[in-house]
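All chains are identified by letter, namely A, B, C and D, in their written order; residue positions are counted from 1 within each chain.
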């Protein structure tokens, strides 16, 4: 008999696809546990979405791309859900206007949870059927998609809470190690033809392939991301007042939006800086990686420092050939970047802590082809006017990230957990 | 011992101020009973506010203008509430930005209800003390203020629900009388000096006074508001396509916003019109007063009909000297205008059913003075670029309205329950 | 044989219609004499028009409303001129987009002058024909229309030149009398029924009629407009920083646009104020009427001064029943308001110097009917969301103005020559 | 004695720097010869500038970067010119707001020509002095800068004239060869490391260097740009209605701006297409390269055609290693792309006719360093959110272009002479 409350029968191991499906879906809901229905409805800007919408959209993804084509006698759960929770898949059809997602007081949060349970049961059933092999790749894609939305939930929520004069606390963070950032050192790489991109054979997004060759001139890359302390020196040196350090478009943002520090930083009356985090407002720690900077700020800092941002190829080669200690991930419960450990000569924090802006535009790799059909709208159609970020952050699930992973944001985005590390062309 | 759950001891008669305080505050909450916390958070446009915000702001009004000055040992209930729930009183201080009211997921709806109970108890206590006489006028003002927000709750909610593809139903409406609109007849008034405005001696808003003399040329006024059926004839005659019928600024709205019918009307595939109401989507009834039209549409219709809108003085004289049967109010449970009864020769529906656009700009009466202090920001500072509407509507509490009552909206407002009746200068 | 260069045969007396036609048309061109073709093309904001466009549009008016219906074998001068130089007459047809008038480098200024000569000759011919009686009223309207555009040319040009860092001088002004403003005194008027509006029998705009009765409570009106010196006291008293003095919409303008003084005022390093005029930049003269203030500023000043603006009926009664010395007009060559003369007890400067904001919204008089056809779009369709101004200004031709004249502008307009005088309700 | 009218003494050969200075400066003025002062003032959009402003700004460049540092007893020609004609050089100081360039009726066109002659004489004198060697590189830069503005004059003017309902003709074009476009064939290139970028030793912009190695996978490139005829097939196949062909941001442009064909195309009543050119309105010639398409349109066409755009490295290798017949340049007097000649197997029109969108983002080459000082703001600060275009166009001076030349525009720009050719990854 069907158990309405427990879509995931206990005993499933997490190393099966069904087990991982169970685990990822539950993890999303665990993220929402501290939130009220009201918290889950608000939308603080067009770029962000309500938490409830994320909960429904990730479910819509499984319903639309898996159940619809593979479930016998498929019936849509809700006629209008097809439109309401479609993000941008033109191949599926119309979409509810993005800026109006917070008007969807109906369906309620409870109804969305019921929708999740319904789809969970149906997918679980399919995974236990003859169709399992057929749908495995799409389930894998759906789980990775859901992990991306877990991170979006956290960053959208942080933006929302930062708009409240009540300074809400999402959760008490895990205790971060108390330590001082190690000195930044340069790690050298020789010139040559390298292969980058995912070689295949395991799950990866279409945009990570095909693997291909690039020629790299000799370069050096920093052993860790730029810290808040270093960034404070940039600020103190007039970094936000000197147009010669900035790209023209970045300088226009500085003037128009009054940027004078990373997003979420606040200067108190005594001149000290505090930062809004998912664990509440607290002093800026000079040892931590700087976070919530736009590409423009990362680029301006690098110019000020006599350096530049690494290309994505340089970054990938460094991360692959010479991996150092990793940073914090979602599961670690910091939800804020953590100071780098005392270091080896290998680059630290390439994975985790902060997404790192690269100097590469988000464009297709040579030979790139998106999948056929609506699911092909996942990555390819965004390949313009954005920059590549690498490495994941403190809000990314550990199992979600890898060295070939290509994230992308517009150059003025500051609400993701974005930092950067420096590079130089070897002379 | 204080009963935390029942701020209003039973047994208070509604003809005392305390009794009316009790009744009005409860009526507000009764309006919200069918709504979830999510329904109460959303804000569908800058002009509208979340229901929760209305609940808190009306409470803030009592706390700020009564408790703060009169309660011994007054302590603000919440430090930030002073800012969060201040609408536009510059004399009180800063205000949370209006377009961001839906970001206030905190305080929760439950917390706002607790805030209401706290203030209710404190006001009740004061009304039972020696201060009662001192605060009576401000309590009266606060209750009328709250009644205005009851209407705003209904019209803002209607706008919100109209944005949902799910066509939510707020409540099953009371059964409306099935009848055909009586023929429109003209009622004549002779020229002469008339007094208009509130003569004093009972509660009224500052903007209704002082009473003063005006000279009226002879005029005629219609026995009832224009109906949907009449308005359909205007539409069929190309009303929305003929610039000569429109004020220039109205014509620009028609083009820019694609107006082709009153707000909330929808043309179905078969050419028939339905209308979205708080009781759900249903066919347009030709006998009902037309509703949700802007000043521009009312003015264009009047020009098409060879008539004009009455001035507010004409309207007031007609309503006072020759009152016919009234229309529906909030308590009647229609929440939608109702067909006029078979008529006497007196003008019907001057009070109730639809707010009636007049041809008068909202300006101070001769000798008008707002009260001293922040409470004086209530009406006077809006006396520009708006038109006067008279008579209340199906969402207005019956006890709130009177013939001298002056409402006002910008000329393009369509989300209030706005209709109109015709007038003519006698030749 | 036709004289191509002299459309106006000499010897015509200016008291004939043909003579006045000649004079008004020449006066327009005289205003443009100091300007280059470049000066005549620029458009500094949407509300303003290029001088060349004014030259062509006034000509279009005669061609469209007179030649087209009355000239035998009428042929349009230029096919596209009908669209290019139509301002807003929907009854005539399409219009070139207003914000793009400065893109009309073709036809050239010379070609527009040729267009003027062509139409001048044709109208002159008609005025000498049997049609003369038929077209007389329309010619009169066209001349008054052209006089309005003379004033618009001056105010639009002033705005344009004020945008130039070169501080261009339009012309050396006539020498203004050096004198100190007389003390402001109050002139009393008793209550009673008065007739206002144009009684007919001579040229007047449709919006000035019909004459009709109004009841006025007793009032007092100031003997002269508010001066710059008085306005400086308002500024020094924090007038632009105190929200309690302002209408809400006005206060929003103050914040959004950074108003801190009348338009064209500039505060120099030493704290003294200068003002940009058509005669160049010069010190603010405390004795002159303050000019280039919005309705919001006039209203705020009046509130600060414990007074109010007069209604248009009060203004008209005072100007008619008790006329004092007049102010400067276009022909006087000041193109800037001039200090009031030492006064009688009669109100000075009711006509001339500055347009005076009244507290009356621009709405139709009882019984108002615009003319049939496109020419009826002249005034009526603008009767919403504007306030009435009275009396003409230093840029208005003397023969153009009268006490019943109703001008109108939106409440935030500051580029016309707008000032104000105070009034009070008598107690 | 100084000859005020002839800054360039006759007899200078065009192969000296002074001779080329003479020739380039004169060529700019020749482009303006058919234009009135009015034509030279208008600005049809923020991205475009008035012709007069181009004339002055190019002169400002020589005055600011050469005369100011090298002329003995330098005095600025006009105090305010430093601000008025500074485009975006923050290192020099403030700038007149870009959208208000058309308000600069003063200085007049004649005064700007006088400014040009003044600076021309001074530079000529310097080039004949001991300073000649010192300033040679900057003069070279200034001449290339002026050539870029020659092209801008033509494209900005084309946009302006296209806004006029009079369809102005700039000049009668040279007679284009009547021929049919040759078949498009693919030209193959093998994989390998190639050097791209300017090797130095002659004038080039900083952004063309340093020369550096890249690895190219095998690819094929089309023998000529896509033609209007081919693009018409794309349109007929629903190209502008099929979201799956478009980048998401491009698809938003299609919807918002109603794109349905290249800019300047107009569909006549009979379904045939005409195009607005600098030589007037004329039928679309199916054989010509398609022109005035955005990056988004080029990209969508390529996807539709089963191909892609070449990278800038692929383009440069093809143009260098296998140069075919060139296209039309400014001097040829077509000012419109011309049909490709009957072809060899080498790629035609790599230089000339249309700027070709590449699939490469405009970013710095490895090791790129802009010059010190304000002159370094020339190229580097724009290296974000733009795409590279290659090859010059029918409005580019022949001497200005080369295979390493990197032009750049935002992805929605359509008013430059932009076309594209296809490429494919070899399988």
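The rule is short, and it goes like this: a residue touches a chain if its C-beta (ideal position, glycine included) is under 8 Å from a C-beta of that chain, and two chains touch if they have at least 3 such contacts.
Everything numeric in this text was worked out from a predicted model, so none of it was measured.
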Q: From chain B, count the fewest steps through touching chains until chain D is reached.
A: 2
Q | Centroid-based (C-alpha) most distant chain relative to chain D | A | B
Q. Measuring from the mean C-alpha position of chain A to the mean C-alpha position of chain D, what distance in angstrom results?
A. 39
Q. So what's the Cα centroid distance for chain A and chain B, whole Å?
A. 47
Q: Give the residues of chain D that touch two or more other chains, as numbers and ranges in rising order.
A: none
Q: For this structure, give each pair of chains that are touching.
A: A-B, A-D, B-C, C-D
**Q.** chain A to chain B touching residues, read off their complex
**A.** 36-39, 41-44, 80, 83-84, 96, 100, 102-109, 160, 163-166, 168
Q | Interfacial residue positions of chain B with respect to chain C in the complex | A | 88, 90-91, 193, 212-215, 217, 243-244, 246-251, 295-296, 299, 308, 359-361, 363-364, 366-367, 377, 381-385, 411, 425
